[in-house]
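Chain naming follows the written order as A, B and C, and within any one chain the residues start at number 1.
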């Protein structure tokens, strides 16, 4: 993606953009940059139960070479993602998928994130009342450095069903972030991560493709906490906040922000993936079913690859299929075939963690 | 108001003051000063969805001349207001109105707020079981400088219905804060506010009296989030927290702190008033109807005046009537005549924002 | 307790330890150290309504000799306690009691807490499906200094009811922390605490054994706020979070973390114990009955002793029995005889506060 030029902000309709407003190549410089603080980090812990000590114990972060605790990768992502909502998914019916998401640099309290996007694909749905928009987005810090980049596609309502369909452009997306493109900060000393700090002794060499880890915890989602999380990220998508309108909508109730479910699954996965200290990339994933307040989330990780990271003998990439299911005992949930759906599965994510190597 | 002298704190009855305890001229130095932090600012975003970048993006605040992000005007107000509750509205039946509220100086994380009040009016209700108390209050920072001043009036229960009624004193209050009394920090460089940062291109010259803006968002209030907000402000008014007693009270349930509704309406108003970067004054306002958990809040702004600020050609005041309604589509809510009530309208506020001028 | 040696973290079963896994003398170095921040302190205020200005007003804390606001004693305790949960009470049926809890040093934002424990007692229950585990635990800061130490005992499920019962060891615990063992920071200047700041004029000399204080407030607990609190402390005990499993459990619903109830009672006790500026020790206590979301908590303090602190004429210890009751008007709740139970009483805690002396 080349340097996006912001569309004139005054041009944004107050009700947001609809499907027929998008054109392939269109660029957005999203509004309301956001400084991330220790307050956001504390709230993230309270909202998700995240426990990775790199993000919440200063001595652990400093031992790894960080100047301070970086905020949770997903907190940074949600804030950046939230910036894109007013221009991309304000009128979204559903957030359909992610690809090529890379965490390029750590984000520290005090950093200010801004986001930019470019439309890279469009496809009207057969019903003619909505369509799929693909966008490539990136978050920049206050130094203008790219800290996260990703592609997502989202189903957006049409303002006027009679508006003509645009030419269909379905972008070719990488099936995965190749190991050579997995970002690892050069300063990082992964072997400084102590099992006594994380609570787990297993390192990169101790996992093997095919291993399935049923994480033991479970979290029930309340209306208050998914809304607190989503407002913290300044994500304004209507479907999460407005019970009055939702009562007459497709689900009859508010929808939980899919990113909150990713965060819960990631937090639950700590027990079993204690030394997966950072997310390097999200290769793809879908919110396979909606999540609502009252649902109880459980998580399973299936190791799909153990990739060496080129140029590093101290850290490896653990590729994992992270499933979140709801309102079921994990033992009763069969892992769906890739691409298949199970009514209990709400999240099916393909991601790579960084894990220290024994060396 | 002259310098208040604190009443001896030991004198406060544990159950708080009742209507018959107040006398015109009485002064209170309220307890439990409070240092505002980045943690409070993060929570404020999570609780309200506030997105004005002056309050949450350091580079934006610094460009305007601030040494750091000032906390949201209303966060500072709610904290200061909360300090007054144990002495003024602990036994309040309802918070009836505000007048002459001025934001005199920005409040930054690390500042410590304390509050003082003086009783300026009293009027027993016809029923004889409660009465209206008018108080002039002000918040001071750790340097002893006044940062917010306001008048409010509140209906307070009587301890003993047989207690004699005090002489009625209804204070004369300014109908509005005159433009010459609107505070603008001398250091402020309003033209440094970038439309790309706020998401809106409209400046002071682009609004005109009579314009009505129906803000597109909506927020449903949960018990947990109004109580979190109100506890964050250390506001101890019983009606917000005690479901057990409320079950046998006038509403049968807990009442949402009216200030939370003001914050929600202000946050919702970002879409349409993107460059209204600060509240200079609240001229008046009422909580026209109670708000309860489960209610969905929507907001409308009606521009009532575009006032130049004496001595400044770079910033103007936008006077707005800010309405919040509940459980209704905004399009179906008629703007009540000034002073009139609509059952769906929960907030009717008359305030002035600062907005950059083109110059 | 001698210096514990951590068990190999890899040895922890993913489902946690069960009763038959514990042996007297066994030591745990608990995982996931945690840096406490101003964000945590703000959340603590929002979650509990705590108002003691030593913890939330910088000038008040500095006047007492603190370098900054120490975090609330109970916030530090809950974080430290949370660290012990994965090894001690992950499969707890109930947290039964505390003894010999001492707050040895203040904890400031920026401090990092880690926890260690040693098993000091075991007793299988008569039913054979669970047993009581006694552990001595301590929290260390980043300088390796002990900041809190305590004993607790907890009922833990057995993995296998047929597993043999261990030899019963019931540790001898001090009935109270003797006044000479009550920690008071040497630098502390308690007389600098101003009644105008706390809201109460009563000092140590003004209380007498036998005095009963019915605190006037009440707080209804929501599912969202007890879970936010418990996740903030990174306490992973299953019973607080998983409504799906809880539906078929002994209560049919999630259980509120007992520590949250302690915090609510302590926060409510501010009105009446305004100058009890720190908890020095918790002598003992029990969660007399479970608390659930929807319950409304009220608090009573009964002064049981006014102990001079050896070597200090500026501060005394106020020993208090702190009761929390639910869903009842306090006036209708009789104080149970020590050791007796009342169905409305959920907390019965024996603790000592530090209160300035007149001198």
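Throughout what follows, a residue touches a chain if its C-beta (ideal position, glycine included) is under 8 Å from a C-beta of that chain, and two chains touch if they have at least 3 such contacts.
Here the structure is a predicted model, which means the values were calculated and not measured.
**Student:** Copies chain B and chain C touch; is their interface built from the same residue numbers (over half shared) or different ones?
**Tutor:** The interface is built from different residue numbers on each side, given that under half of them are used by both copies.
**Student:** Using only Cα atoms, superpose chain A on chain C and state the rotation angle in degrees, rounded to the nearest 5.
**Tutor:** 120
**Student:** Just give me the whole-number Å value for how far the CA centre of chain B lies from that of chain C.
**Tutor:** 36
**Student:** Can you list the residues of chain B that touch 2 or more other chains?
**Tutor:** Each of 37-40, 42-43, 222-225, 228 in chain B touches at least two other chains.
**Student:** In the complex, go through chain A and note every residue touching chain C.
**Tutor:** 37-43, 45-49, 51-53, 56-60, 69, 195-202, 213, 215-220, 222-225, 228, 271-272, 274, 294, 296, 327-329
**Student:** In their shared complex, at which residues does chain C touch chain A?
**Tutor:** Chain C residues touching chain A: 6, 8-12, 14-16, 29-35, 37-40, 42-43, 86, 110, 112, 142, 222-225, 227-229, 231-232, 234, 236, 238, 241-245, 254.
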